[in-house]
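First subunit A sits with subunit B, and in the next complex the same chain sits with subunit C.
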Partner chain A sequence: MIGFIAKRFINYAVLSAIATLSAYVLASIILNPASRYLGRNPRPSDDTINAILDGLGVNPNTPVIERLWAWIVNLVTHGSLGDTIHNTTVISEMTARAGTSLRLLILGTIIAAIVGVAIGVWGAVRQYRISDQAISYASFTILATPAFVLGILLMILATMLNNVLGIQLISFTGEYTAGLDGGWWAHVLDRAAHLLLPTISLALMGAAGYSRYQRSAMLDVLAADYIRTARSKGRTRGSALVRHGVRVALIPMSTYFAYSFATVLAGAAVTELVFSWHGMGEMLVQAITQSDINAFTGAILFNAVLILIAGTLADIVYAALDPRVRV
Partner chain B sequence: MSMLDEVPIGDIAAGSPETSHSKKPVSRLRLVVSRLRSTPRFWVGIIGLVAIILWAIFGLVPNAWNATDLDVYNMGSRPTGLHWFGTSDIGEDIYAQTIVGLRKSLIIGLLVGPLAAIIAGVVGAVAGYLGGWWDRAIVWVIDLLLVLPSLFLFILLSPIFKSLSWVALIFLLSGFGWMIMARVIRAQTRSLRERDFIKAARFMGVDTWTIIRRHVLPNVSSLLIIDATLGVGGAILSETTLSFFGFGIQAPDVSLGTLLTAGQGAAATRPWLFIFPAAILVFTVLSASLVGDALRDAVDPTSGVNRD
Partner chain C sequence: MTENHPTTTTKTRTLAGHQLAETSSHLLEVRDLSVTFPQPGGSVTAVRGVSYHVDKGEFLGIVGESGSGKSVSSLAVMGLLPSSAKVSGDILFEGTSLLGRSDKELSRLRGDGISIIFQDPLSALTPVYTIGAQIAEALRLHDRRLSKQAANVRAVELLKVVGIPNPERRAQAFPHEFSGGMRQRAMIAIAIANNPRLIIADEPTTALDVTIQAQILEVLQKAKDMTGAAVVLITHDLGVVAGNADRIAVMYAGRIVETGTVDQVFHQPSMPYTIGLLRSMPNLATAGHTRLVPLEGRPPQLSNLAPGCPFAPRCPVVIDACRTTEPPLTLIGTDPLNSSACLRVAEIASGALDRGHLYPVPEPVIAAERADVASENVLAVEALKRHFPLSRGSIFKQTIGMVRAVDGVDFEIKSGQTLGLVGESGCGKSTTIMEILELAKPQSGCVTINGVDVATLSAKERRTLRREIQVVFQDPMASLDPRLPVQDIVAEPLTVHGIPARERLQKVRDVLDLVGLDPSMASRYPHEFSGGQRQRIGIARALVTDPKIVVLDEPVSALDVSIQAGVINLLQDLQEKLGLSYLFVAHDLAVVRQIADTVAVMYLGRIVESGPAEQIFENPQHPYTLALLSAVPVPDPTVERSRTRIILEGDLPSPTEDINGCNFRTRCPLYKLMDAAGQVRCRSEDPIQRPVEGSRVACHHAEYIDLMTTTV
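The block that comes next holds the complex of A and B.
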C-alpha cells in the first residue's frame, strides 16, 4: 500500500513540477512585462527598463531557457520564487493570500464531497422516485450554470433576504467588514458571515457533479450479488447498503475526485473574483493582466501543489477502500 | 494517472436482450433511436434545444427594436409591453441584445463541441493505435493539460486572442477541450487494435492513416457524437466565463457573457439586466447537456457516468 501511494505521489509530483515549469515558459513567451513601462509618461529610458526587468529576471532579451534556469536555481538555492512587479516577493504575496483561498477551498470541497455522496446514494436508493428525479434535474441545472452566475444569483437572493428581514443578516462583499470594532468573537463571526455565500456557491457546484457520479456508481453496486448475500445472511437493508454498498461505490469516486479537482480550483478562482476576495485566484488573474511572470508562476505552483495533495489524498482513500491495491 | 485507462469499454458488437425476441436483427442505429425515444430527458433536452435555436433565429422578427437601437425615452425601464426584457441605462433593448448574444454563444458552442470531438478522436486514435513512444508522449501532454486548469490557460493565452476576432476564440476553446475524451478514445482504440478486422487490414498492407480513418474512427464514432453534444454546453460555459472577466468576446461583439458582465453591477437593484440573459444561458446549456446525457445512455446503457 505504501509502495502504491509512493508511486502515485511521485507521478503527481513530477506532473506538478512540469506543469509549473511549462506555465513559466508559456507566460514568458506570451506576456510582455516591458509594456507596463513603455506606456508611462515620461517614458523611462531603455536602460532603466532593462535594469528593472533584469532585476526581476523577466527581461525578454534574455533567452527563455536561461531565465527558466535562473528561476530554478533561485528556487533551489534560496527557496525564493522571485519578485513581483510591485517589488514584493512572490512568497510573501502568496502567504498573505493563500489562507483566504484555502479557507474557501477546504470548506467548500469537504461540504461538496459529503453532500454530493449523500445525495448520490439517496438518489440511487430511491431510483426513479420523485425525489430522485428532482435531485437529478437540480444537479443538471447547477452543472449548466456558470460559477459566476451562481455566485451573483446567491447575492441577489441574499439581498432580497436582507431587505425582507430589514437587517444585514448575510454580508457578501469581500472577506471581512473593513474597520469592524469589537472583540475577537465579533471578527470570527464577521468572517464566518462573509464565508457563507462563497462556500455555498462552491459546495453546490461540487456537490452537483459528485452526486451524479456517486449515483451511477451506487446503482452499479446495488445490483451486485454481494448485497443480496449480505441481506440473506441477516443484515438489515440499511447496514448492507452502508457497509457493503457505499464503501464499494466510493472507490470510483476517489478517482473522480482527483480528476475533478482542477475544475474545482478554476471554480474557486471564479468564485473569489465574483465575491471580490483577495485570494490566489485574484492573484493569478491580476498577474496576467499586469504581465507579471513571477507572480503567475507562483499562483500556478500553488494550484499544482493543491492538485498534488488532493490527488495523493484521493489515492490514500482509494487504497484504504480497495483491498486489491494493498497487496 | 493511469486510472482513467480503466474506463469501461462498451462492447460495441454485443446485442442487447431486446433484440433476441425479434426475427429480423435490429440495427444498432434503430436500437439507439428506440432507446432515445423512451428517455424523457432526451425529449426535454431536444425540445428545449430546438426551441432555443429557433428563437435565436427568428426571435428578433416580432420585436420592435434592434440590438443597437437606443430608446432615449425609456432608459433603465423595467420589463414592459414596449421592451419585453426592459432596457439598460442607456436605453438598449435587453430582449434584442439577449438574442444577438445568444446567437454568438450558440455559434461558438455548436462549432467548438464537434471541433473538440474531432481533435479528441484523431489524437486518441493515433495514441492508441500507434502505441509506444507516440502513446506515451500524447498521454503525458493530456495529463499535463488535466493538471493545469484550462481556464487559467485560456486567460494566459487571451492577450494573443484578444487582438484577433472572436473566431479565434473558437479555436482556443476547442484546442483545450479534447483531453478527457481523447483518453477514453485511446483506451477504446487499444482494444480495437487487437480485433481481427483491424489485424487483417494491417496484414494486407493498408497504411496506418487509412486504418485509423476507415476502421478505427468509425468504430468510436458514437463516443465522438456524445462528446460533441456534451461539448456544446461546456464550450458555452467556458466562453461566457471568459467573456465575463473580459478575456473572451470583446466590446463591439456581444455574447451572453458580455451581457452578463454589463448587467452584473445592477443585478440586485435592476435584476432584469442580469436574470433574463442568465436564465437563457442556463436553459441553453441545460438542454444541450440533457441531450448529450440521454445519447450516452442510449449508446451505452452500462456506461458509468450519469447512468439512469
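The block that comes next holds the complex of A and C.
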C-alpha cells in the first residue's frame, strides 16, 4: 500500500514539474515584459530596458530554452524562483500570500464538502420531491453565477444587514481592519469577521458542485442490493441509507474533493479580487496583467504543489474508504 | 433473542391469542395479495391476488419464471418494496397484520422474526464493512444490550455454523475477499443470527455452481433444523425444490397457478403450465434419450393482460372459455392444500387428458434434410496451455506466481458432433475457448482447425478461417448492440468478409428463417425481442458465414427454463441440417447431457475425464465427475430423496496455488477413502489421462470409484 502511494506521489511530482516548466515556457512565449517599460514617459533607453530584463532573466532576446535553463539552475543552486518585476523575490511574495489563500481555500473546501454531501444525499433520498427540485435549481443557479457576481451580491446583503443592525457586524474589505487597537481576541474576531463573506462565497460555489456529484453517487447506491440487505436485518430505511449508503457513496467523492480543492484556486482568484484579499489568486491574475513571467511561474508552481498534495491525499482517502483497493 | 425481549414477545402472542387466533393459526398467511407498480406508461400489476400460508417449521417452495411475481410477493412480506408500490390484500405473521405498519415497526420484525437471503451475494453485502461486522450488526440491531465484543464472538460462532473455515480470521475479511459460495454462507449467517421464525430464501443458489449450490442447500437445511424456522424457498429451478420442500406453489403471471405437496405437483401436475415446465426441463435422469418438449411462446406482459387465463396463448389444451374467464385456484381432489388454476383440471386429474401427451413432441429432422457428414476431425486441441503471470510490487514489478488458467488441454471434435465442455466457474472453460477463437499461436500447444495448424496462418488466411468458426455468447442482451437493427447485427460478419450488400440481405433473411424468426422482423431492434428470440438472433449471426464449427458459450444459461428447451431443440436441428460441429461450454450438466455426443470435464485448467456422453453420465470414473453429477438436483422428489449425495468440501482452489501431485486431491472424497500408500501416490504423482472403461480418466484410483457411493 505504501509502495503504491509512493509510486503515485512520484508520478504527481513529475507531473507538477512538467506543469511548472510548461507554464514557464508558455509565459515566456506569450507575455511581453518589455511592454511595461515602453509606455513610460520618458521612455527608458533600450539598453536600460535590456539590463532590467536581463537582471530578471526574462529578456525576450535570449532564447527561451536558455532562459529556462538559467531558471532551473537558479532554482536548484539557490533555491530561488527569481525576482518579480517589483524587485521582490517570488519566494517572499509567495510566503506572504500563501497563508492567506490557504486559510480561505481550506475553510471554504471543508464547509463546501460538508454542506455539499449533506444536501446531495438529502436530494437523492428525496429524488424528484419538491425539496430535491429546490436544491437542484439552487445549485444550478449558483453554478451559473459568475464568482464576482456572487461576491458582490453577498456584499450587498451584508451591507443591508449592517445597516439594519446599525453596527459593522460583517466586514468584507481586505483580510483585517488596518490599525485596529485591542488585544489578541479582538484581532481574531476581526479576522473571522473578514473571513466570513469570502468563505461563504467559495463554500456556496463548491457546495453547489459537490451536491450534484454526491446526489448522483447516492442515487447509484440507493438501488444497491446491500441497502435492501441492511433493511432486511432490521434497519429502518433512513438508518440503512446513512450507515450503508452514504459510506459507499463517499468513495468516488474523495477523488473529486481532493482535486477540486486545487481547482478552487481558480475560483478563489476572483473571490480574492472581489474582497480585496492579497492571496495567491490575486498574484496569478496580477502576474498575467503585468506580464511578470517569474511571478506567474511561481503561482503555477503553488497550484501544481496543491494538486500534488491533493492527489496523494485522494489516493490515501480512497484507500481508507474502500477496502477493495487496499493491497 | 426471544428470551431477551420477553415483554414484546408476550404482547404479540397475547394479541394473536385474543384477537386473531381464530382468523389465522399459520405462521405466515398471505391473503389475496396484489402489488401494483404505477408507471408512466400504465401501471404494472406484478402480483395479482396471491394467497398462501406457511406453518411453523414448514418448507415451502415457490417456483416460477422471471417476471412471475415470486420475488415481489416475498419482498412485500418483508415490507421492502419501493414506496411507490401499491400493496393490497393482507399479510399476517403470527396472527398480526404486517400491511400498513410503519417502517420502524417492521424493522423490529425484520431480521428478528422474519429474515431473508437474497440472490446475488456479491452485491447483497456492503463492500466497505467486514463480514464479521455485518453479522454483528444484525445481532446488535435487535439486542441493544449486547456488547460489541459479545456480538463479534457470536458472529464468529455463526460463521462456524455455516461452515466457513477459519472463522476468527475470515470474520475480519471484506466481502470481496470471499468467494460466491462463502458470501452466500455469510448471508445465511446473517439471516439466522437472531433465530428467526421464518426464513425467506430468494433464489439463494442461482448464481452459484452446482457443487456450491449443493453445499448451500445443505447449509440452509441445517440452518432450518437448528433454528426450527419455517423456510420459503423461491426459485426458478424445479430441481432445487424437489429434494427439499414439503409443499410447492407454482407461480405464473403474478398468480399461483398450482399448489400442493412436492409429490402431488411433480407426479400429478394438473395445470398445463406445470406439466409443460416439467417436460421442458432437461433432466439428468431422462436427458439424451428423448427430445425436449418446448413451451412455445413467452410469459405475458403484465402491463396489459388480456382477459382470460394468462397461460391460454401458450396452452396446448386451450378451450374457448379459457380466453374469457381467468380460472380461480380450485381444489383438485379432497386434499385442501392441493389446488390448480385450470378450467380443465378435472379432465387432467381424472386422466381424460393424458399428461404425458398434452404437449406435442417436436418431430426430429427428417432424413432428407439431414446433411451428410464425413467423420473427420474439424477441431483438435493438443496440450493447450495459457498461463497468466501474477505480478506484485508497484515500482519494481516482480512475478510472484502463475495463474494456470489452462494447463495442458487436449480434445478433438469430429464433424457433425458436439463436445460438451463442463466444469465449475474458474476451471478455465472460457479461457480455453478464447484461446481457440484467437486463431493465433497459443502460448504452448497446438490448435488445429480443419486440419490446419492456426499458428502457421497468415493474417489473410486467418480472416478466411474465421468464417469457419463462430461463437454464440451467454447473455443474449449484452452481446447484441442495442443501437443496431437486427439485420445489421446479423449481417456484420458478412460486411467484414466483403460480401456485397444485396447478397448480404438475402443471406440474413435466409438465416433468420433458419433459426425460426420471421425475416420481416429484420429491421427491428434487439430490445423488441424476448430473451429466447434474442438468443436466436445470436445464433443467426454465428451461422451467417456458413461456419463448420460453432462455439456455444453457455448459450441457454441466461434463459428461462421454458425458453431453454426451444433453443436447445433449435441447436440440435441446425446441427443435423447443416452438419455443424459444436463446442458446447456449459455448467448445466443436464443441458450438456441433452445435446453433447462427447463430454470433457475440466478442473483447474485440466481435463480430468473425457469420453462419450453416455459413458460419462451413466458411469463416471473420476471422483470429480461423480461428485459433480451427484450435486445436480433432479426435478423428481422420489429420485432426490432416494439418492445419496456426494458434497465436495470447500471452494475451487485458486489456480495460483501449487498443489503437488493430483490437483483435485484437496477436495477429493476418494482421496480420503484411500489407504496411506494410495494417498502418497495422489500427493506425489500427477495423474495422466488413461483409458478406464471407455473414457479417459486422470485419476490414479479410478478403479476404486465405487467406494465413494458405497461408503457415504
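Note that the second predicted complex is superposed on the first by the 316 of 327 C-alpha atoms of A that agree within 3 Å, B and C clash if a C-alpha of one lies under 4 Å from a C-alpha of the other, contacts with A are read in each partner's own complex, and residues count from 1 in each chain.
Rule of thumb we're sticking to: a contact is a pair of C-beta atoms (placed from the backbone, for glycine too) under 8 Å apart; a residue touches a chain by one contact, two chains touch by 3 or more.
Since we're looking at a predicted model, the values are computed, not measured.
Colleague: Between subunit B (first) and subunit C (second), which, if any, makes contact with A:Asp47: first, second, both or neither?
Modeller: A:Asp47 sits against neither subunit B nor subunit C.
Colleague: Could you look at A:Ala147 and tell me whether it touches subunit B, subunit C, both or neither (first, second, both, neither)?
Modeller: first
Colleague: After lining up the shared chain so the two structures overlap, which partner does A:Ser22 touch, if you call subunit B first and subunit C second: first, second, both or neither?
Modeller: Once the two structures are laid over each other on A, A:Ser22 reaches subunit B alone.
Colleague: Hey, is it subunit B or subunit C that touches more of subunit A?
Modeller: Higher number of touched subunit A residues: B.
Colleague: So, does A:Ala224 touch the first partner subunit B, the second partner subunit C, both, or neither?
Modeller: second
Colleague: Output check: A:Asp181 vs subunit B and subunit C. Expected answer is one of first, second, both, neither. What do you get?
Modeller: neither
Colleague: In the superposed arrangement, what residues of subunit A touch both subunit B and subunit C?
Modeller: none
Colleague: Which stretch or stretches of subunit A touch subunit B in the complex?
Modeller: Subunit A reaches subunit B through residues 11, 15-16, 18-19, 22-23, 26-27, 30-31, 140-141, 143-149, 152-153, 155-156, 159, 212-213, 215-217, 219-220, 252, 255, 259, 262-263, 265-266, 269-270, 273, 284-285, 288, 296, 300, 303-304, 307.
Colleague: In their complex, what parts of subunit B are in touch with subunit A?
Modeller: So the residues of subunit B in touch with subunit A come to 1, 3-4, 143-144, 146-153, 155-160, 180, 233, 237, 240-241, 244-245, 260, 264, 267-268, 271, 274-275, 278, 281-282, 285-286, 289-290, 293, 304-307.
Colleague: Quick one: in the complex, what on subunit A touches subunit C?
Modeller: 3-4, 6-7, 10, 224-226, 228-237, 239, 244, 247-248, 251, 321-324
Colleague: Sort out for me which residues of subunit C touch subunit A in the complex.
Modeller: Its residues touching subunit A are 78, 80, 103-104, 107-112, 115-116, 118, 120, 123-129, 137-138, 141-142, 174, 176, 187, 190, 193, 393-395.
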